[in-house]
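I'd like to ask you about the structure that follows.
Naming follows writing order (A, B, C and D), and every chain is counted from residue 1.
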Amino acid sequence: MLRIGIIGVSGYTGVELARILSGHAEVEITVATSRQYEGKPLADVYPSLRGCLDIVCDNPAGEEFAERADFFFTAVPHKTAMDIVPSLLAAGKKVVDLSADYRLGDVAVYEQWYQPHSSSELLAEAVYGLPELYRNAIRQCRLAANPGCYPTSVILGLAPLLREKLIDPDTLIIDSKSGTSGAGRSASVATLYCEVADGFRPYKVGGIHRHIPEMEQELSKLAGRGITVSFTPHLLPVSRGILSTMYAGLAADIDLDAVHRLYRRTYDAEHFVRLCPKGCLPATQHVRGSNFCDIGLALDRRTGRIIVVSAIDNIVKGAAGQAVQNMNLMNGFPETTGLTGAPFFP
Amino acid sequence: MLRIGIIGVSGYTGVELARILSGHAEVEITVATSRQYEGKPLADVYPSLRGCLDIVCDNPAGEEFAERADFFFTAVPHKTAMDIVPSLLAAGKKVVDLSADYRLGDVAVYEQWYQPHSSSELLAEAVYGLPELYRNAIRQCRLAANPGCYPTSVILGLAPLLREKLIDPDTLIIDSKSGTSGAGRSASVATLYCEVADGFRPYKVGGIHRHIPEMEQELSKLAGRGITVSFTPHLLPVSRGILSTMYAGLAADIDLDAVHRLYRRTYDAEHFVRLCPKGCLPATQHVRGSNFCDIGLALDRRTGRIIVVSAIDNIVKGAAGQAVQNMNLMNGFPETTGLTGAPFFP
Amino acid sequence: MLRIGIIGVSGYTGVELARILSGHAEVEITVATSRQYEGKPLADVYPSLRGCLDIVCDNPAGEEFAERADFFFTAVPHKTAMDIVPSLLAAGKKVVDLSADYRLGDVAVYEQWYQPHSSSELLAEAVYGLPELYRNAIRQCRLAANPGCYPTSVILGLAPLLREKLIDPDTLIIDSKSGTSGAGRSASVATLYCEVADGFRPYKVGGIHRHIPEMEQELSKLAGRGITVSFTPHLLPVSRGILSTMYAGLAADIDLDAVHRLYRRTYDAEHFVRLCPKGCLPATQHVRGSNFCDIGLALDRRTGRIIVVSAIDNIVKGAAGQAVQNMNLMNGFPETTGLTGAPFFP
Amino acid sequence: MLRIGIIGVSGYTGVELARILSGHAEVEITVATSRQYEGKPLADVYPSLRGCLDIVCDNPAGEEFAERADFFFTAVPHKTAMDIVPSLLAAGKKVVDLSADYRLGDVAVYEQWYQPHSSSELLAEAVYGLPELYRNAIRQCRLAANPGCYPTSVILGLAPLLREKLIDPDTLIIDSKSGTSGAGRSASVATLYCEVADGFRPYKVGGIHRHIPEMEQELSKLAGRGITVSFTPHLLPVSRGILSTMYAGLAADIDLDAVHRLYRRTYDAEHFVRLCPKGCLPATQHVRGSNFCDIGLALDRRTGRIIVVSAIDNIVKGAAGQAVQNMNLMNGFPETTGLTGAPFFP
């Protein structure tokens, strides 16, 4: 059994890692840290896990936890991650980092959107942990930068079109909607039940959300040219789920059947990407609790635009599930281990 | 007291009309029809109205109800409306029709998106019932075609920019999200609680929703040129609310302050349009139960696009409330009569 | 116009008071305090109120606000209320206090469930502000203690049966369910959207909720003997609404028709209490946003028990609406002024 | 691999069976019937299952499906079940029936609450499929009558107290709340999103719900005397989950610690029953998607009553999960096979 450490186990992403790994045949969690709940059984914080997982939260600062596991997930905020990851690597461990700290290859871009970087020497080495794009590199890396939730939905949705240069990148509009778990488990008025329920709103409108540089980095690589995206996130009154609706002008005369064939070709061997049949479109409730990314396509002949819709569970394929997928690759396990459960519906 | 008839009182729009009119100082409901609930007190169908409104549902076919009211709202599906409206007008009544039957001035466009029109001679006379655009014409008309819910949110959001030719209409993308009450009260698997709750999905993607020609008609008039829109509706797990996120490339060098000034100038005298302060954006929960349309603006300097966000309660400003606003105008009542209640939050 | 002061305007109860009073023909809000948002327009805290109400939050400590209004609502936590109410009374103002501080007539009971009382001399004078029970006393009082949300639903539901001694008080079980707005607007993990949505749980089980002594005081008066209740509150994934299901063994041989007649007799003249027809039962969605208390009755012949179900909107009839009803009585306004709106459904 | 047939796969219970069995190591689904969707891939009806399960819906009438599987689940309404089950048994198959048709041992009681029984000769043979009570009998039976959702939550919650005669059965009150999936997937106005969301209501009040005789049969056996229960179901605005709050007068002088010890003793070896620590109580969100039944206890010293709270996922432990647990027992598989996933939270 591979011994797993989870740094930051008590957030929604951390506990979802714990939930997934509790059903993973090849690993056991031997360390799990939480500043806030040090000394507490995780099942006292999350009663859902009682009887499923017997972990006590460790203090991340207090001890030599690096020795107590072989492989680490860092599920802490950006900036906190870069304080921890280098020492884990130095101790010879492999790491999937779920923060933003190692996603951007260009330190200048990182520092423009976040703050100074204290271990930028690792940026060249870190692999962007989107297995559908970088499977081989992930297999060989010791540090995978797990993608953001929004970027996962966007990049998987657009990759085939951009690679084949079928759309005009300058016309790209991305309208995304996320469940509230994406805001984390901190006490805050803005995410109280009464503020979110029976409502809907955009936030960080106007090109200011921090997932933008990450999308642009990856979409630009796919397109072979620089891309600047229009991206607007919205807050959904659901716990789990991201749905991205993406619009772009067609750059070639192509019909919907041909686009479908392209997507089928691209994703046929990908277990976690499901292409909706023609005429069908994704829904977040159909991926809930699973590592799937569902993609649907429509063509608006009247405007010459293609509309790509993708849906994921933001804390599975958008965070913890994808992190386990990366861990599987980095350790030579079958890629779907621990991730084969069907979505929960209703 | 003006005697009011509601044709089709038992749908969500009809009952919202009844609710609003029960608090309106100048009118009383004297006829209300429902094929399905003929002979039943409306409060048996909607217990929320018990003690507020003492109406029994009439059979729309059975009697000469035209004589029993002075003013009519037709809250029935398209095609059914055109079977009723002409006879009401012939009986000398004024009508606000909440269906799509009299919204499109061009019968060819109507018949392309719907089905043959049996009273197209009324199209020239009917006034598009968006008071913020057509107040004077509404005051003098006998038939107001109450706008669709999506078009209301879109047209109010874009009017200032199009009139001033500040955006390139060819770049316009409209991504809208609606609460489930928009789907009506018919028994259907697709709108069961378990199918909608904790989920989110698009529908009618690719330029096929019937509100498109209505938007295009009005946006084209505002712009002084033909406009073809990209429009995608989505279904929200909320009962009430529409939020539209609209993207367009700027056609002029203008900053956000100037756009704000333009919107303030345009809507300052409009009681039901509220401009969000700079940095703030609308949320459906902040207009719930009210006749307000909230509008927020953001500018994405990186892409040269402006983002307009508008929010309404789909069954108030998007249907019944706007219909009452039109009725007020058509009868010389103060425009806000019966519509002054503040939104319900939380 | 009566000048109104709201002490504690920025909680869910305070803002609901502001919303209701914004539509009240006889009053205007001249003072509204909030420690947290001092100096901020209330519409910046609650954008729903933009254009409806132009109030800036005052500092409750900073000035002589008592002079700036004629009538006060204190919508602050218990213990804070007793620091403010005596000085308002001393300044010659009338007060509706929405906290628990003046609800219990017996200071010993208060101090057993809460903490020491600093103005117990007012307890004898304060009137329990449930108009359906104490209308005349409320009309003449200067301090009305607005009932708790759970007690309102329970007392109105049980009053007729207890007065007529038709049930055995020792068998009384009260199972109540409340919407999340009852927990207030403080940032807290327990009331985050993701913790509450798609879930249901009891809390304070085993006779420990602080509304118990208040229920027992009033139910005992009605029954003419001491009553100890079994009361269990639960948290519903809704914003507004309380539904109480109450069980008691019948103490007399009476059929459901007779009980219905008793309730009809009791509440026929009560505008805000609606008796459901036989076979119908209340639902929180049918009172949402209104000051109604709906009551339904069923008799279980197999067990000899009667089941009373009552539903209110916890922040209207359970708090702000009832407070306005009391204010109307204390000022000689028609009792329903400002409270006649029909419930919002859907 | 054991070949499995699911009769009635397209309801919420049937599809949950399919979901669970798709992750079960010892079985494969070889037949699945649906009158409504005959000939359609199940993944077209439930897109959540795309890529997880490759089943086409069969016509239940059209063919000799009994030959195509070794073990059957009948997930059809009562009365329909008794038309199918006898022939499956006659063909030598074992069956878990999820309807009510074989739960009641006394045909007279069945016919009083339902309608005439056409295979009452099987009642004596059928085993009530609650493994925590009847594990050994289930292991040897060929027909298990899978318990109702409400009874599962109630019986597991009360069994220890009744067996030990610690409560007075005549004082028993059961107040239960269920998610909307319990109402099934038929199109109906009452379970539309807009009718259920943001609301809460009781139904079938007054001792008339059909799960009552089932509870009384099992509770009476446990108590060794006849028990008549007061039972009130309510509809929650959640998709999955039942929570039952049960009240009873203590019949013995016992403290909470002793009751906790009794429950621990009773359920310590039961994988699927989790006892909440003292001071904690169950919540439906903590069992969502799992086969757990969580039980919490409180004692109200003031009234001498004990309150037992139990929570299950109504379509897992309350239906499909328990059916698989029974199937495991009937086939000699480890009892938890396919059912070990941790609950989904948030």
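The rule is short, and it goes like this: contacts are C-beta pairs under 8 Å (C-beta built on N, C-alpha and C of every residue); 3 or more make two chains touch, one makes a residue touch a chain.
These numbers were taken from a predicted model, which means no experiment stands behind them.
Asks: Most remote chain relative to chain B, going by C-alpha centroids?
Replies: D
Asks: Given the two chain pairs A-B and B-C, which is bridged by the higher number of C-beta pairs in contact?
Replies: Ranking A-B and B-C by C-beta contacts puts A-B first.
Asks: Just give me the whole-number Å value for how far the CA centre of chain B lies from that of chain C.
Replies: 36
Asks: With chain centres defined as C-alpha means, what is the inter-centre distance between chain B and chain D in Å?
Replies: For chain B versus chain D, the centre distance works out to 46 Å.
Asks: What whole-Å value do you get for the distance between chain A and chain B if each is reduced to the mean of its CA atoms?
Replies: 38
Asks: Among the residues of chain B, which are close enough to touch at least two other chains?
Replies: In chain B, 12, 181, 194-195, 197-198, 237-240, 283, 285-286, 288, 346 touch at least two other chains.
Asks: Could you list, by residue number, the parts of chain B that touch chain C in their complex?
Replies: By the definition above, chain B touches chain C via 12, 15, 19, 22-23, 44, 46-53, 181, 197-198, 239-240, 271, 274, 276-277, 280, 283, 285-290, 292, 294, 340-346.
Asks: Applying the document's contact rule, which stretches of chain B touch chain A when the two form their complex?
Replies: Residues in contact with chain A: 171, 173, 175, 177, 194-195, 197-203, 205-207, 228-230, 232, 234, 236-241, 243, 245, 247, 281-286, 288, 296, 298-303, 305, 307, 309, 311, 346.
Asks: Where on chain C does chain A make contact in their complex?
Replies: 12, 180-181, 185-189, 191-198, 237-239
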